[in-house]
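The two complexes that follow have subunit A in common; it is paired with subunit B in the first and with subunit C in the second.
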Partner chain A sequence: MKAVGRVLAGLVFRWEAVLVLLIFAAAFWSTTLSDLFLTRANLLDLTTPYIFIGLMALGLTLVVVAGEIDISIASILAVSVVVLGQVFEAGANVWVAAAVGLLVATGLGLVNGLLVGVVGLPSLAVTLGTLAAYRGLAFLINSGEGVASFPVGFTNIGSGYVWGQQVPIALLVFLGAAVALGFLLHATRFGRYLYAIGSNREAARFSGVPVTLVRVAVFGVSGLMAGIAGLVYVGFFGSTRADAADGSLLDVVTAVVLGGVDIFGGAGTILGVVLSVVLVSELRNGMQLDNLGGDTQNIVIGVLLLAAILAGNALRALQTSGLRARIARARHKEVMRPSSRTEGIT
Partner chain B sequence: MRSRKLTVVIGVVVLAAVAAVLVASVGSAAPQRRSAESTKFFLIPKFIGIPVFTLNGVGAKAAGKQLGISVTYNGPTEASAAKQVPFIDTAVRQGYNGIIISANDPNAVAPALRRAKARGLKVVSYDADVAKDARTVYVSPPDTQSIGSGQVEWVGSQIGYKGEIAILSATTTAANQNAWIAVMKSTLKKAKYKNMKLVKIAYGNDNDTKSAVETQALLQAYPNLKGIIAPTSVGLPAAARVLQQAGKCKTIALTGLATPNSMRAYTKKGCGKKFGLWNEVDFGYLAVYVAKAVMDGKLTGAAGQSITAGRLGKRTVGKDGVMPMGPPLVFTPQNIDKYRF
Partner chain C sequence: MNLATTRRISPHALASAAFRLRELGIFLALAIAVLFFSIRADNFMTVGNWQDIANDVALVAVLAVGQTMVVLTRNIDLSVGSIVGLTAYISSDTLAHHHGLPLVATALIAIGIGLGCGIVNGLLVAVGKIPAIIATIATLAIYRGLLFQITGGQNVLAFQLPESFLDLAAKKPLGLPLLAWIALAVALAGAAVLRWASWGRDFYAVGSNPEAARYAGIPVGRRIMTAFAISGALAGLGGFMFAARFASVDAVAGTNLEFDAVTAVVVGGVNVFGGSGTVLGAVLGALLVSTVQDGFTLMKLSEFWKMFFNGTAIVVAVTIDALITHRLQEALRRRRRAEVVAAREGEAPA
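This part shows the complex of A and B:
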């Protein structure tokens, strides 16, 4: 009984549980906004326009867990889609072009990684620089209207449906990526290294974690995810302009922070980020169906983000106070048994 | 380890809940169309919150009132094609009959508009066009030729068609600006304007401060300057302010494109005595009349078709389904108070 109680208490105090509650609350609110909300077609489709944001958020999650930040991802997406467009227009098979786009995205991510991990520059400064530089590069490669003549077989990644034309392929791509990155972060040595580096980089180094390698690699992963987001972006919007995904960075960072990932590193789960992507898409969809203005929507999302940070802080404070109480109890016991204590000292 | 078990538990709970909701909503899988009662159009500007688009919305709603159509005006808060698409998709789901859009990227909104057309919605673009097959008619601003040559005439008539002139543009990459400048250059080659000399093209980046600094630089570098053309709604008022502060309104003629509201104070004091713009209210008004005609099957986008658009009168479709909205308005100290936008 006691164990069940502890599990339940743990559940309530998990950020993911809060997000699930918020998702249901938002669903309830949305049904009051519009009776079109609670239809299967709408529920399945509501995340589709935001999948590219979600994919970038998944990649950024790993970076933030490692105690770093990557604000260049939207620019990496832009470079990879214009490269994809140019290679395709030059006559290559669209899948070859897509592979080139992914390679370029990973490469640009690795450049960030080298500057941060090997040269030792702060990631905020590095990716602020590459945010501008990569976007400029995208405009250098193509400052025109971009390419828009992709075959349907390819654009299905972003705008196709399976299973009776109901389930968006983009959603499956997102869930697949979430499972893959969830495995990488929560079940591999690489993932444990990320938490260790994010909690205390020096301690991790002295414990034998290949800090430099891991930090370079995680930016590569982030770049690759921006590239995959680019494929979905091209699939959904059917356009490869250099201003692709401009202005989406705020949404990506919101998804990560609202997902409960500690912005100082060392904590956070993929599940939390997936849930926060669902929550934000759901809210936007509901407000959209009620024709609430874009500015009202931004206020609601912004307040939600602030509330999330406040609640997260309160939650952490609660947890630490619980921990302190437990430590105090343990100490108390020790005091009651002085013999064991002296034993410990000698 | 405990935390991972919890994570799994929560994951299962979420999946079960989502499945439950999906099953529960099976009965109402098809979106209920509530459109039977009335016709609804959705106007999506590039972004909301600036006067010109708000005015488009005002005009569109006025036209809707006359035609018995309810018009919704809404869009993203920043100029992003990616953020326009959710508005298109929800308009389809909500059972709107038509979409009127000013596109941030002609191609990026096209797939969503094609989806909308496939579901029976009528699509009309205005202000900034979309890919041709994604709409039926494009209501365009006054054509490049009349805007470009018009401004040369407006400044020329003030300076006796003689002397040095300069252009204060927006950014070097702005397509509409560059097209107008090209027309201005070719217009200046005509006999009527042969004594006017273009000495400089400055770029104020559609930024008030930069535009003012560039104007000051023009005054210093070209003491014999007789006229300035500023075809940008940011650059023109900035230039007027600089001329007023320098006391040069009498010696330098100023023209360009801007809203009458932003120029009223200067124009009445003789700074920028002649400038132009198309009527943004009429722009939205016309777009709704066009969308209604498309819905009624009166317009299919073929060249030569025409409609009577309420108080604006007859308008005709040109090549490629483009319908220009007519010549620009010209504002002077005498007539400027008639226009409030």
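This part shows the complex of A and C:
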């Protein structure tokens, strides 16, 4: 009986299951706001304006799993987008310009990575600094109206549809990226290293994990994802302004944390983040239907972010207290097993 | 003999020498900035401009004193810009509707609201165990969202405010703007707390090693709460000063001010790992930040140069600090090793 209960509890307490429930609850709420919500076109198109947020969230997921944070991603997106615009305007092929944008984004990510991994600075301070510096840089490169005359073949990335004009290409880009990063995180050595470093960096180092290299690389991946998000952003909004994605950090961080990624590192899944991107998009969409302004929406998303961490912390406290009770029982049976888990605060 | 040479300077003296060098570095940077702008920017070296700078410094310095306390405990408060906006609007809007309200009472309203916001931040971090950066990114959005709710798209404009309030920022006792005197008082009080109050000393202990502080009997959670509460209250005071200075307040007032405060603190040598730093350093940092921004404005450089400068300054300062700390630790470790070796050699013959 007890075992069955534990299995059930394990299922219910699996964060992804909670997210699916929340997605259905938000969908139900949305149907009460608009009759058009439950149409196939709307459901498929729901996430399109938020795909660039989702792409950044996927990249940030890897960084947070490794126990770090990257709050500069929206600014990296801005720089890469502006560079893309400038290169395109200088007469280059749009795909060449896009490639240059991705290269710049990856480079800026690697700068973060070098400062964190090699110089040994806290990622919080580094990316707070580069958040401002990169955003300033974007404006210094182009503070005007930006470039807006991109060929449709390119902007389709963010605003085109396939399969009977029903499925947004942006959604496919997001799902493709999710599969790729899911593979990277859950099925490669690099991914295992990220978990190892996020759980205990010193232990990982002593176990032969190339800690420095992996930490530098993960910021590069995060930068690259911001660059890809930039392509979708340009495709959706059609222009390359330096204020691109300003104010999107809250949503990105919320998507990652709400997706069940442990903010202290070492745990989290891509599936959870994909689900929470859907949930955040759904909520934003629903609040728009409810005629709430952007800043009122921010209150809700901010509270959601705090609630997600508080819930996660409470859950973890419950689990550890359960674990402690079990260890105490084990000790009672004179099976001496020392338990030690020290958590470093970085 | 080895022992004698290595013991000549105590570790403590070595560390404090390094910190003094660090503060000298800020002075040097400040001197270079002043020299540069006095050559390149018109009207930089005028009394009027320095009074402008003093007003700017005042606001940033008040925020930086609060931020110093928070960073000392190994946390960060990114919500101060939103708290400034919120309290600036509420206090000036209240004044606009009640002209007879004493200014001190208005300031207390602003400080009280800021204190409330700070306590919420503190609860989230100390009790909720949410990393400070995430908690204050969220409250940054939440407080700003509340401000939008309260304003409903309205502004408070100068003509709605009583004369006494508008005169406040124009007053210059002894040639120094009143706001700068307020900031000076706040900085002195902050420095006194960090130097002499036992709970102020605790901030250093909490930031150096939270676990050790806990074992030493310091109520770590309560100290973190206190730091955030002070930061919030000072941001509230900053909001009042903002309203007095600019006399027109809208829903985006104070946006990005948190960057000025963090830059001031980090450039001022407060260690982002917590546990070391002074109010003097933070105020010098605020002076540097405001001077550079003023210079940029006079040179007609865009807002974005300031942003670029702030971000770069944070990264450079943190890098320099990390390198200094690393060198210092290495030096101390080498010395300890030498001492141990020397002690063993001394024992061996016996």
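Everything that follows uses one rule, which is that the second predicted complex is superposed on the first by the 305 of 346 C-alpha atoms of A that agree within 3 Å, B and C clash if a C-alpha of one lies under 4 Å from a C-alpha of the other, contacts with A are read in each partner's own complex, and residues count from 1 in each chain.
Here is the rule we use: a residue touches a chain if its C-beta (ideal position, glycine included) is under 8 Å from a C-beta of that chain, and two chains touch if they have at least 3 such contacts.
Not measured: the values here are computed from a predicted model.
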Partners on subunit A (subunit B, subunit C) - clash or fit: clash
Which of subunit B and subunit C A:Ile197 touches, first, second, both or neither: neither
Touched partner set for A:Ala78, first subunit B, second subunit C, both or neither: neither
Touching partner for A:Gly293 - first (subunit B), second (subunit C), both, neither: both
Subunit B versus subunit C as contact partner of A:Val303, first or second or both or neither: second
Subunit B versus subunit C as contact partner of A:Ala66, first or second or both or neither: neither
Subunit B versus subunit C as contact partner of A:Ser143, first or second or both or neither: both
Which superposed partner A:Leu131 touches (first subunit B, second subunit C, both, neither): second
Contacts of A:Ile157 with subunit B and subunit C, given as first, second, both or neither: neither
Touched partner set for A:Val216, first subunit B, second subunit C, both or neither: neither
Subunit C region in steric overlap with subunit B, selected from 7-15, 61-69, 151-159 or 259-267: 151-159
Residues on subunit A lying within both footprints (that of subunit B and that of subunit C): 143, 293, 295, 298
Subunit A residues within the subunit C interface of the complex: 69, 71, 115, 119-122, 124-126, 128-137, 139-140, 143, 242, 249-250, 253, 257, 263-264, 293, 295-299, 301-303, 305-306, 309-310, 313, 345
Sites on subunit B touched by subunit A in the complex: 2-4, 6-7, 9-11, 13-14, 17, 21-22, 24-26, 28-32, 47-49, 72, 74-78, 80-83, 85-87, 89-90, 93-94, 105-111, 115, 131, 173
Residues of subunit A touching subunit B in the complex: 7, 10-11, 14, 16-17, 20, 24, 27, 34-36, 38-45, 48-49, 52, 143, 145-146, 148, 155, 159, 186, 233, 236-239, 241, 243-248, 269, 271, 275, 284-285, 288-289, 291-295, 298
Residues of subunit C defined as touching subunit A within the complex: 74, 76, 78, 124, 128-131, 133-135, 137-142, 144-149, 210, 251, 259, 262, 266, 272-273, 302-315, 318-319, 322-323, 326
